[in-house]
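Okay, so subunit A shows up in both of these, paired with subunit B first and subunit C after.
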Partner chain A sequence: MTTMKRSERIEVFARTARTRSENFPADTGVLGRLRAAGRAAFSAAELPNPKTEAWKYSRIGPLLEQGLLDRAPAGAAATARPIPGLDVQSIAILDGIPQPLPTFTPGVSVTSFAALSGAEAAAVETHLGRLAAVSERPFVALNAALLEDGLLIQVAPGVDVALPIELLLAQSDGAAPRGVHPRVLVIVGQGARATLIERHLGAAMAFTNSVVEVVLADGAQLDHLRLALDAGRGRWLSALDVELGRAARYHLWQAQLGAAFRRNEIRIRLAGEGAEVTVSGAGLTRNNAHLDNQLCLEHRVPRGTSTQVFRNIAGETSRGILNGRIHIHRGAQKTDAQLHTKSLLLSSRAEIDVKPELEIYADDVKCAHGATLGQLDANALFYLRSRGLDETAARTLLSFAFLAEVVDGFPVDAVREALRPALAQAFAAPAEEDAP
Partner chain B sequence: MSKNLGQLDRMVHGAYEAGWTTDIESDTLAPGLNEDTVRFISARKQEPEWLLQWRLKAFRHWQTMVHPEWAHVHYPPIDYQSISYYSAPRRPGEGPQSLDEVDPELLRTYEKLGIPLHERAALAGVAVDAVFDSVSVVTTFKDKLAEAGVIFCPISEAVREHPELIRKYLGSVVPFRDNFFAGLNSAVFSDGSFVYVPKGVRCPMELSTYFRINARNTGQFERTLIVADEGSHVSYLEGCTAPQRDENQLHAAVVELIALKGAEIKYSTVQNWYPGDAEGRGGIYNFVTKRGIAHENAKISWTQVETGSAITWKYPSVILQGDNAVGEFYSVALTRGMQQADTGTKMVHVGRNTRSTIVSKGISAMRAENSYRGLVHIGAGAENARNHTQCDSLLIGDRCGAHTFPYIESRNPSATVEHEATTSKVGDDQLFLCRQRGLDPEKAVSMIVNGFCKQVFRELPMEFAVEAGKLLEVSLEGAVG
Partner chain C sequence: MLKITNLHATVADTPILKGLNLEINAGEVHAIMGPNGSGKSTLAAVLAGRDGYEVTAGSIEYLGRDLLALAVEERARAGVFLAFQYPVEIPGVSNMEFLRASLEAVRSHRGEPNLSAVEFMKLARATSAQLQLDPEFLKRGVNEGFSGGEKKRNEILQMLLLQPNLAILDETDSGLDIDALQVVADGVNALRSPERAIIMVTHYQRLLDYVVPDQVHVLADGRILRSGGRELALELEAKGYGWLRDDAA
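Showing the complex of A and B:
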């Protein structure tokens, strides 16, 4: 496998994907049409190469390994550990396939694409693939081309859903390599409010290529928590495309540990006046993990506000990447957009790459970004050591505090409580021997 | 040491005479680019074989390169075959032995541009090596420089007189493989300046070159090489102006700076080439590769004020090779009308305790696009490296664009990098205050913009700072209201 040249591996990957897509039975429904569009777009697209600007710091090598496009064997099971003390209504997509659905609190409806009817079918028809268009990113096209099923999550207008909705994107246990392409469409109705907890549960040789589209109607609010705490497991490529209507609010919270490959492509579009977005991200990579966050915030209309805060730590030979782009369209006056990121390098063989971008076409705006890269405060370290902590404990404590600036802001108590031990454990884990 | 200086002195003088007898018969070369063009240029300059071979290698490599598309600028494809690659002022008889013999027509043009050459040189203590259409026309203050042992001459002359230096340093910072425009320049560079400051010498005056583009359809491919030997110091000023013209003109310069152990190079630019008309027609395409390498304890400082050109594509950079090296980049880029600028810097930290500072001020008015693009790279060995970057953008009007594309890469846990960027506009309250005090809106905006740029202007040598302030004022005319 390793003897194959990169171009050959890409060729094999693309050919396998096309063949797999062509094997789907002909279907003129909404899924069939999306698959056809995805297949055409994927065939026409060029897979990212080292010169592709958007992929400057991520190589797709880990995604090209043999078997990562295979279907998962049927009947497999996953071990999903619930978050202690968290009361949720839970939905699972296992190996790309929606699992049997429980009953939901009033105002929440969840339907698999295979079982759509009436208004739901119309909603999917309108929105599926609209935000995450197949023409722009080859892996979004691949998701469409290999789409088996997906979920529509709807919150009815005006409903305030108190019980968080948990969305598990999980891989079955087992060592067989496979690729899955989960797809979710979330529609929050006018003035409705909900909390979505998206958890990524991985398996070592699984490639997950997920696409989540979120549509927020006027005045809607969604608190979206994304947790990826299975360190080092799996290869993840997650597209998240969000659109906000007038005065809608979208709050995204991410806590992530690195994986063999983990890349998030997040695009948030403020399409209605007075919309508000906050993004908070905490990332920790260790050993040879890879974590790449690509964000694009598009202010398309006036009077939007957006605030983004990131904390990233990279240890051993890992790599942490953040590309935060703020795009203010012509006419989007009175926009207030901020991005602040701080990063810590723990090892001289780790690497952090940060690229906060501004693209501004309106003059009456307030836009700023700040990025710092640094090390733990020597005075703080000295203080802790003078209190009897050894070097490692002191460093761990300070690194933890660094992430806590973001983590402590997470909105759901049980999640916050669960994050502390998860992160502490990730810090405490011994460094692995270098992979050859 | 004094013996060395004497030798240099003789070399400098000798070179000067030789420099003029060769180029006089040259004429404008017909448009087109192939190996013969390269051979022609090299032959006209009576270059040694090794340089011709270097040019040809560069040309062959350039043919395999693709035109870069990544910058945030848009323009029709350039036909490199429709450009003339060599042009020299035509003059009968012998070359000028002194200023009096220089074509009065040329001198008048300089005056129109506000550069009273001899006066200015005398008054300001500036030695001017003026580049007029690719060939150096006049150089002053040779004696004073020679006394200090400083070599300041056209690069074509240096090729003949100081081949050992040229051979050692040409292409050592910007190899011809570096990028498309550097490759092109390496193949067809016309002329430019060469500076060598010997060990421990503080250059007695600021060195200045005025570039101008004059003949129609003539690309200008300047090549500047500055070598500051150990412990020396030099300040170099580069100013550019150009007359109005209809067709886009290509300018692809390369500037290489070498600051050896403990040396300091300060490079200041005021660039005001023709930016095209209100619809963006005409105007200079300015694709420049500028880079310096700072060895141990050395310092390289770039200061630029960019107000001209239809398109600016320019990233003056510093490779902080040695321990304790310092790199600085101060920039004001003003775009108006249909101008597009994609400019910034690269600070590549290699040595320990290296420090860099970046201050970039972008002003965008009318329908212009202004981008800052920068890289701060901290290598694994750059212990305790430090960078601070500040990029501020000012927008005037709602049809323009201001962008920031900073790349920050770090591989050393002991490094500290700080980057901040802001975007703002000329505040209504600021304008109101100024107008209330009796200033007209244009004056008020110009004052506010000058304040915005102050941090950069104060890095410029005094006379340049005055010129830069004036330039901004003139450039902003009609942009407000």
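Showing the complex of A and C:
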């Protein structure tokens, strides 16, 4: 596409981003202040280069292509793709722009940042950008600098929200390259409980640079499902920053396909005693797709537990990456932290990079990690084929079985049932010899 | 139905089968016996098309077709069934799902309509009951945590569902107690019909008390050393294999 050197491309990208950020009208509200902070931080930041450890396996090339900082043309139609049999209250951010909001069940409120007032404005002031700080990650700064608008999702204290909240981060099918920067702050009040189903939709040549911050008050619980099941040309960079109060529970389930670029930067902070985190991830990359999960579990206080389980499959020339960092701070005694990953390579040219990083400053903790990497069992393949299944069907069935341990644990029936055909379709996609 | 002519096969470049001839007609049950290392399981593997077994000479004709030209799954769809000596455990794939996928693949090849979920369940449950397998096994992972006897019965369950033209039982009797042997034998006998043929590969003649073969072949050093009727198996039982080899020499 371009013959510019990498350093030049980075320079052009950074300059374009700065110019774009300066075009926003002056604003002294929440949005304006976040943009200003983002702009300053982005200008001071250096974009990741091949020597940046956190980006060792994810080169930013696919994010630098022309047009990925352009605003989306207005008027794109939302592509409603409901999950069959799933009742939800749905929030859509299409091409970076929050769409008109429906009515929510009692205890749930959703407000765009532009429309904040009173107590909500105060809540946002307290938390926004605190977890996902602009100073630490250039793309989080970019999200703030180019923010059109964002959403505050609040669950009132003590409310048990039965109806799942669906959050759609969608790219329209439009042909024009574009970049969008969705921003969401979720606050689950004390003792409240909710289910959030976050879906990343779209396969167009577009850059989605999302930041989601989640604050769980004491005793709150959030079941957070994240589905990214559109492969294709999308560039998806997603920061997810979560903080748990005392005895809060956060359960994250991810089912993701690779795309031209997909990277999740997930940081979960156990900030109150006795908090509990589980993370379950199923990932599949085919052809030349890319899927990078960067996790950081921070145990800041005593008696926290975290369990992470991942299953990743890579076929053809695709690449899967998992960096699992567990940081147990001084004084976080009686922490129990576990990280288990299994990976499956379907091709000799596929690559999976798994790296646990343990940093432990307390002496009375349990911390375990395990990683295995393998291939499909030839005996099992033969067994299935000897019963009439063709090789593709046999491989698919065995690959499903590999992911089943994670996928079967998804807590929402309709989601679990929808995952099967979605993954089957991904497995059935033809193998491409070379990258488009 | 099956005509094997001068079959030579190697495993990792070591010759195992060295000129094997065998002809089986529809309606017949043949037992292939022989000492360890004689090539019995290699023959079963070559018939099913397992990787790593290279046919270096000879031919196998099945229902007028060149069997060796067919892929593993094509053989299965054409009605060849191998009951494994060591059935494979596949955690994460339910037995039910596996049986259904397999039956659909084979039936659709035969031009038969797929069974509805309800019809399939009924059939699977009835066949399980016939083999005294708890229907709960259908819900578990394929062979996952099954005892040796349960695995063998699961093989026969698959065989009865798929209704093959040619069934090859590779040491299906090994590791079975007498009750299980009876159940398995009943299953095999249920499959006997004028349209089908069955090959039983076995080390011991015990199974032949329950499934009476039309012919018995002794395989040694990669060739059929002797063929005969039921009485040959009894003779082997009495005298061992050494007698035959001395005889042949």
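Criterion: the second predicted complex is superposed on the first by the 431 of 436 C-alpha atoms of A that agree within 3 Å, B and C clash if a C-alpha of one lies under 4 Å from a C-alpha of the other, contacts with A are read in each partner's own complex, and residues count from 1 in each chain.
Note that a contact is a pair of C-beta atoms (placed from the backbone, for glycine too) under 8 Å apart; a residue touches a chain by one contact, two chains touch by 3 or more.
This structure is a prediction, so every number in the text was calculated from the model and none was measured.
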item: First (subunit B), second (subunit C), both or neither touched by A:A404; value: second
item: First, second, both or neither for A:P25, with subunit B first and subunit C second; value: neither
item: Touching partner for A:A380 - first (subunit B), second (subunit C), both, neither; value: second
item: Winner by number of subunit A residues touched, once subunit B and subunit C are compared; value: B
item: Partner chain(s) touched by A:P430 [first = subunit B, second = subunit C, both, neither]; value: neither
item: Subunit B versus subunit C as contact partner of A:G118, first or second or both or neither; value: neither
item: Partner chain in contact with A:A368 - subunit B first, subunit C second, else both or neither; value: first
item: On subunit A, positions contacted by subunit B and by subunit C; value: none
item: In the complex, subunit A residues that touch subunit B; value: 53, 330-331, 333, 343-375
item: Subunit C residues touching subunit A - in the complex, by the definition given at the top; value: 48-51, 71-73, 75-77, 81-82, 84, 87-88, 90-93, 97-98, 101-102, 105-106, 109, 141, 158, 162
item: Parts of subunit A lying in touch with subunit C, wherever the complex brings them together; value: 377-380, 382-391, 393-394, 397-398, 400-402, 404-405
item: Parts of subunit B lying in touch with subunit A, wherever the complex brings them together; value: 70, 378, 380, 393, 395-425
